[in-house]
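Each structure below is given as structure tokens.
You will see chain A twice below: alongside chain B first, and alongside chain C after that.
Up next, the complex of A and B:
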């Protein structure tokens, strides 16, 4: 529909959202600023160009979707909590994670709030804008309470970091696709380089869990125009985790260095969860690296239990019961760690 | 999908494209910051095309992306030939550059 009509509709919905009683206070500032910007654009005289209004309306629509998602009390808090630490290692700017549950099997993570756009294009808007930036996460609704199944978000974070810093684009600038490769395959090869980067990025945080996730989703997936075959992706991840060096890794490390970003390296510590999980108790995680390490530990424990060599409680349990219990234990372990951190912060204050 | 929505690739150069779209549409006004962004991305990309190793943390990410696009496509290089900034661009040039930026559609010229 016409972007000005969309903005009118979004304004109404945002007003309702601003009055939601359980709304996250950290997001109120963004909601109010969005309302102010929309009001400014709708009443500006002379009007802003329709193309600017259209692009703004798209951004407000997207932001509205995620702000709304954050009011439903359905957001997967634990995975958000873990990702916050990973994000802070790559972005210097203060970021707020907002989540929308998706009905499809769709994980995504992207920046898309309208503030840079407003600063760059609405030259008559003079009010202050929020200093923090919103990061939008999409998690399949079916997985909202299954954090171990959300490892793919670390892969998506890899794409996000890549896009923010143009890491693989830098690598392609310095080391283009071999001229010997036929021209028609270049676009696919470039896309493969992006996928491998995101895989290795994820491996830095969740280790073998990202390979296990790929294997679980579609072990036999062949090459497509956008993605390398699953087996090739898993092999590359395993090589990285084994500490091997290879040409693509060198491309990425060089590009990261040139862009002033951290290097790809393992940033997790696998916690010894067996004793606690065997007793159906959450494990006490120590430090940020163990938060990320919960994922490979959980996947290993899950595999052992499903294949019949798990704890007594798993004997006779169905596959789905095991999956739910192990994910529940992982979820509670992460949540307890976050509560301890909040307690420590308040205690120190 | 009912109407075309911008892909992530298009979003990467969105401000660069938007400046061109405004000129292409005959809009009399390109916002100052948008103009500055366009000029900076173009000048940095030009340097990177000549010397890819000139990438530093200070280079705007979009400039890296545009530099690669310029290296890949002679149509884009030709369309931007002799252009120092948005002030040099008229609707015809803007249209040609936009067509050259889009990987799926060749210029109608």
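Up next, the complex of A and C:
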């Protein structure tokens, strides 16, 4: 509505953020660069075109939301920690993950920092821009302490990799949509491919947890214009995990190869958590693959406990108590792994 | 328990075993106490429009104890400022599983007690979880704490027999983050309040 006023207001709020004692230092560079860009646009003479100001205001608004989310210090660091390893396998650029807790039900993961826009559009801005990129993650607030429920973020990361690497577009060139499909359904077919790719991507890291997660949300969800039916998605994931080869997988692998990206393959190792979790202790995870493997292990353990064949402690516990305890143990297992890594990395500093 | 006894328990599986994770430095285990570190989750007491924290649930305007605290998280090595007069709930960094015949006393290390921060908590045999710590700055200066610093010491005492801690029916079972007081869940409270009303 009022792009210049919005920029003024965002500048004020970003200044406050930059001075909060709880701010993450890794994000300070982005905050300061945003302030500099906003200041430049507001004071430039002659003024930038209104359309440019409006687009910048939109981008700064979005970035501000996630930067602010990081300062509230409620982020689920454990899931961020796991995702960082997956991100580093697919993106060569340095990325900083920022999380906002949302009141919506859905997860999201997207790139949204304004630096490409600033670089290409603000032709009179000459200062250096941050080299790292911001990745925005949205987690439903209700799930902030339920990391196992957050494995859907791996699916969202799959969409992100697809978008950045143009995987689906490439797959459509390799294997176009059947000519017999009416034109009006082409968009839907393309969306289905994107969903299938994101599902397979997630399965590479969290295995059956992504299928279990889909099943838990709504196993009977039918086909829509954007999503294939849930049962079809689950079948596809299970086929992949069973090591089957099928045409859709082959053209994704081909597309990934042509785009210079890694292949779809299982990148997790399922830790044997039963002995520890039965004794209400976190499991000591070994290596990155076990970090991802915590999700399928946790989902299996959860299902067993909820269905009455769990450890002694779960007998008589309510469903929500079981969900909370298993998620807490999974969270602490992941957090302990990150603490040990941080400690070891800085040992000689 | 001495260092040797404690090390022996750390190697034992089952109910007699002791489990501390992450034990970032074996030097944390001393001759008679084990140093434990400050955790990363905090519940900070905040001022609200209510004039006091009440426990009578039937009172108009009753608010849950949780609403008087605000959660905040840090990462290892980040700082947290504890202000004079402020109640902050946190945990130890380490998750501890106590043997069924051993209870623990958690105390602040003397370097922190000398700054006006005193913690003294008894933890039951068989407990599983990060130890809850109630931080209160009795001094008149704010103190900047560092997440992961060795702030606490745990003293273990062996009992003559086993005392199983119990399951989910116990308060604060399997804690990984600070939990607000559950004083308002005290089953005696409704009875006591009825007695009070009849006087």
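FYI, the second predicted complex is superposed on the first by the 347 of 349 C-alpha atoms of A that agree within 3 Å, B and C clash if a C-alpha of one lies under 4 Å from a C-alpha of the other, contacts with A are read in each partner's own complex, and residues count from 1 in each chain.
In this text, a contact is a pair of C-beta atoms (placed from the backbone, for glycine too) under 8 Å apart; a residue touches a chain by one contact, two chains touch by 3 or more.
The shown structure was predicted, so the numbers you read here are calculated from the model rather than taken from an experiment.
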| item | value |
| --- | --- |
| First, second, both or neither for A:316, with chain B first and chain C second | second |
| Chain B versus chain C as contact partner of A:77, first or second or both or neither | second |
| Partner chain in contact with A:243 - chain B first, chain C second, else both or neither | neither |
| Touched partner set for A:336, first chain B, second chain C, both or neither | second |
| Residues of chain A touching chain C in the complex | 21-22, 72-75, 77, 145, 279-282, 284, 312-313, 315-317, 321, 325, 328-329, 331-332, 335-336, 339-340, 342-343, 346 |
| Chain A-facing residues of chain B, complex | 5-6, 8, 12, 14-15, 18, 21-22, 25, 27, 29, 31-34, 37, 48, 52-53, 55-57, 61-62, 64-65, 67-68, 71-72, 103 |
| Contact set on chain A toward chain B in their complex | 49, 51-52, 55, 58, 110, 119-123, 163-166, 169-170, 172-174, 176, 186-187, 255, 258-261 |
| Parts of chain C lying in touch with chain A, wherever the complex brings them together | 19, 21-22, 24, 40, 71-77, 81, 93, 95, 97, 128-130, 148, 167-169, 173-177 |
